[in-house]
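Just below sit the structures, each encoded as structure tokens.
The following pair of complexes shares a single chain, chain A, combined with chain B in the former and chain C in the latter.
What follows is the complex of A and B.
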């Protein structure tokens, strides 16, 4: 007979916070992915590779300059610049060809992963937490760095949410995503909007890579692990829905954290994917599908 | 009267289909020009060509003496040209105010933006009453008002109107024509595309009739009021 372990109040809080911090990392990846898909309609398979680059970039700078925060800043900036160049020079020309866009980003992702494997080998690297202290919270002692990740995720969620709903740029992104030719006749430079959104999405992936490095470890295919979960999140959350990505990331984060109490990690992932498949059968547009995009 | 907009030998294509054939028109400063024709004759394609919303075109479009033939749509619009499309193209999930804010040029100050939006609300009171309502919940007539209002918040020198009475109930058409009357009396250049020539003739200075992609008649409103012309080119 399989026994479900009893959980103390302290453990419950710890698992819950683990779920939130994991959910925040998934959200950072998924939000960039959903922004790019929602606006451009591009299924960006290179997104995971951008996360990996963010992690490795942080590692390299940390090794040479011995400063995690500098590494985080430099790697996010460099990966964002790479995203800009990729969008302008390659992907922009594939927007009208979804299949080519899919294959193109898949190819770019593979090249980056292979390049990382050649340069660093297939072994994983661990980065020491830049905030080694712990903090007392809700009656438990919890790693401060993980709380920092939760804080960053919350700030990014609020910031991007405000940008999308309260600013002129947000209006222009909405207009371009919903009907690009109309946005143009209202004077919106939709080419610029595509670029800004892609670059923002890439920056979020790089940030996720840099932040996750001290929590897990980094290896060439780390992006693949996150991107499969992120795809699940954006499908269940509603393709193109930023709000949906946040809610489902949190649910997935909690499911994984508490699932580990009773199941092996691999089985927890299988459980998450099966649950998502069943959900999509009953609600194909996801939690927050945006029907106005298709009107 | 100096020319604001000149179109020379315009040929327009959708895919491999040619829609316009050597179309030439000119629009003077503060003129109100009508383009008339039956359905499918190329009226909308002509307007789309002016703002580069088509697959391909040849010929030359000059605005204020500058060749804008190769400019992108938003670059043309930013030259204070407003385009009110035939099917209104309101953003259904955005509120009335957000639709108007979106159409206000990004360079204007908050005060000017607000002043222009309030001007639209004073001109179209029903829009003011529905300021926070989503565009998709408006009636057809209200959506047409919003589409025209969206054109006006950019304070355009040239207003392009594509079939503003299309698909509206007769009572609403009267309202829209009244609005158009107020628009054309100011010092604004207007290019109206319409099937309903009889309702538009009192508003225009000159006009063109388009038939299967070619300009077949042009003249002032008196000349275009000839029943024989209507019979030949406009009666279904």
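What follows is the complex of A and C.
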């Protein structure tokens, strides 16, 4: 049996911050997925491969130019471009066929992951943290890099949230998701909206991959682990709900951070998956989903 | 359309069907003689072929895309390994145990989603979660499944003085099982039940109005598929002698989906042949370009999804 350790105040803050930083990474992956699913209805299984590419891109640039930030920037830009090309040239044709869309993105993801495995081998690479210092916060010493990840996640959440609720583009995305033909008639270029949303989602995945590299190390199938979790997060949060993906990512992050005190980490993951299965069956729109989900 | 393609079509569909079938059966019977030393590879190919058609019942005929076929395959493998290694019982007891457990698990997992008609997209995500749970569960419950070490080693017993632990007898044992259950599935799919499944996939609402209990029909397909997948897993573990987490992994799920798509969904021959061909291709490539096989497999799969969604069989049959 697992002994429940006593939690001191310091430990509590550390665990909570661990949960937040982990939750932020999950959120970056899940929010991209939920945007793509909510708008396009595409189960984008290539999302994880985009995350892996973001991580490996950062690694390669770091090796050659010895600059993490440059690596992060370059890899996010390149993966975003790849997302653009994929959407325009390949995936666009599959939007009316959800199952074919799933199979197509599954295949593309497989090709990318295997190409990474051929190029880099299936071993995992660790990346030195670009900010190795620690910061005093709430009475504990905490790695600055993780605080940076939390900051980036918060900025992205606020930024994309504002984009979706306060701008013309956000309105057009909502309109397209709601009634694509009506939006088209009212002058929205829905083809462009699809592209913008897909590319934005892909950029978030690449960012997540680059940010997670110094924390967890990278390996070719890293994406699969993340998107399985992310898919379940967006189910519980409500398909297509940006707010839902944020709230549930935070809950999952905290559950994993504190859950291991009472259970083995894998059991915590299993619990999260079970919760998601129950949600699919009894509350498929999740916490924040709209009454109507487009398939 | 090239005339050679048309010729090939004629050959498959027309008068040459029976001779081709006879040649196929002859090849299957004489593989160990034609290619000595390859019998374990041939056994593996046959088992995966049976696995592929069992999953195609659900994917191709019932139209439910599942991401957890490896869970049932692995359940079959682990049941046999558990019965033999941990409980010291007979190898043969493992088979009914595997099938009964698979049916029970299929009912538990499939009953509510099929009854609620959660829709294709949600079914994919539901089975994704289920598959992930099974994978995690297998690696974490060390006392039950041996964790990442797996459960092994053991070899199949002697029957009537023939040692099944040998590669050659085990090949024929596998061939027998695959033949019996493969033909069984073929009979099931060519019966009225197969038509009902096809029609349900195409228009479930209409089938309900016609008075069919479509939930029951889908449930039957789901259970049969799970049971045969588990059986394939059980035969597989007899060959390799150890049940390990790779048998429940998402990688195997991906493989079986690829075999089915490449072969042609909604056909039995296509996935059957594609699984055999790809297992042999993997072995061939292993010596030339290690690690490249899965990359090529991915590319092949993408080409089939985007260009030939009807698979090899669709290519041969052409537009009818």
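Some observations on this one:
Here is the rule we use: the second predicted complex is superposed on the first by the 284 of 295 C-alpha atoms of A that agree within 3 Å, B and C clash if a C-alpha of one lies under 4 Å from a C-alpha of the other, contacts with A are read in each partner's own complex, and residues count from 1 in each chain.
Here is the rule we go by: a residue touches a chain if its C-beta (ideal position, glycine included) is under 8 Å from a C-beta of that chain, and two chains touch if they have at least 3 such contacts.
Everything numeric here is computed off the predicted structure, so don't read it as measured data.
With both complexes brought onto chain A, simultaneous placement of chain B and chain C is permitted, the two fitting side by side without a clash. Ranked by how many residues of chain A each touches, chain B and chain C are led by C. Of the two partner chains placed around the shared chain by superposition, chain B is the only one that A:182 touches, whereas chain C remains out of contact. Shared-chain residue A:7: touches no atom of chain B or chain C. When the two complexes are overlaid on their common chain A, residue A:106 makes contact with chain C while staying clear of chain B.
Touch criterion met: A:171 reaches chain B, while chain C stays clear of it.
Of the two partner chains placed by superposition, A:138 touches none, neither chain B nor chain C. In the superposition on chain A, A:190 contacts chain B only, with no contact to chain C.
Think of it this way: put the two complexes on top of each other by chain A, and the tightest Cα contact between chain B and chain C is 17 Å. Shared contact residues on chain A (touching chain B in one structure, chain C in the other): 295. Across the complex, chain C is touched by residues 41, 43, 90, 93, 98-100, 102-104, 106-108, 110-111, 113-115, 117-118, 122, 224, 228, 231-232, 235, 264, 266-267, 269-270, 273-274, 276-277, 280-281, 284, 295 of chain A. Taken together, the chain A residues at the contact with chain B in this complex read 168, 171-172, 174-175, 178-179, 181-191, 290, 292, 295. Taken in their complex, chain C has these residues touching chain A: 65, 112-113, 116, 118-122, 124-126, 128-130, 132-133, 136-137, 139-140, 250, 254, 257, 261, 291-292, 294-295, 297-299, 301-302, 305-306, 309.
On the chain B side of its complex with chain A, the touching residues are 51, 53, 72-74, 77-78, 83, 85, 89, 91-94, 98, 101-103, 105-106, 136, 150, 154.
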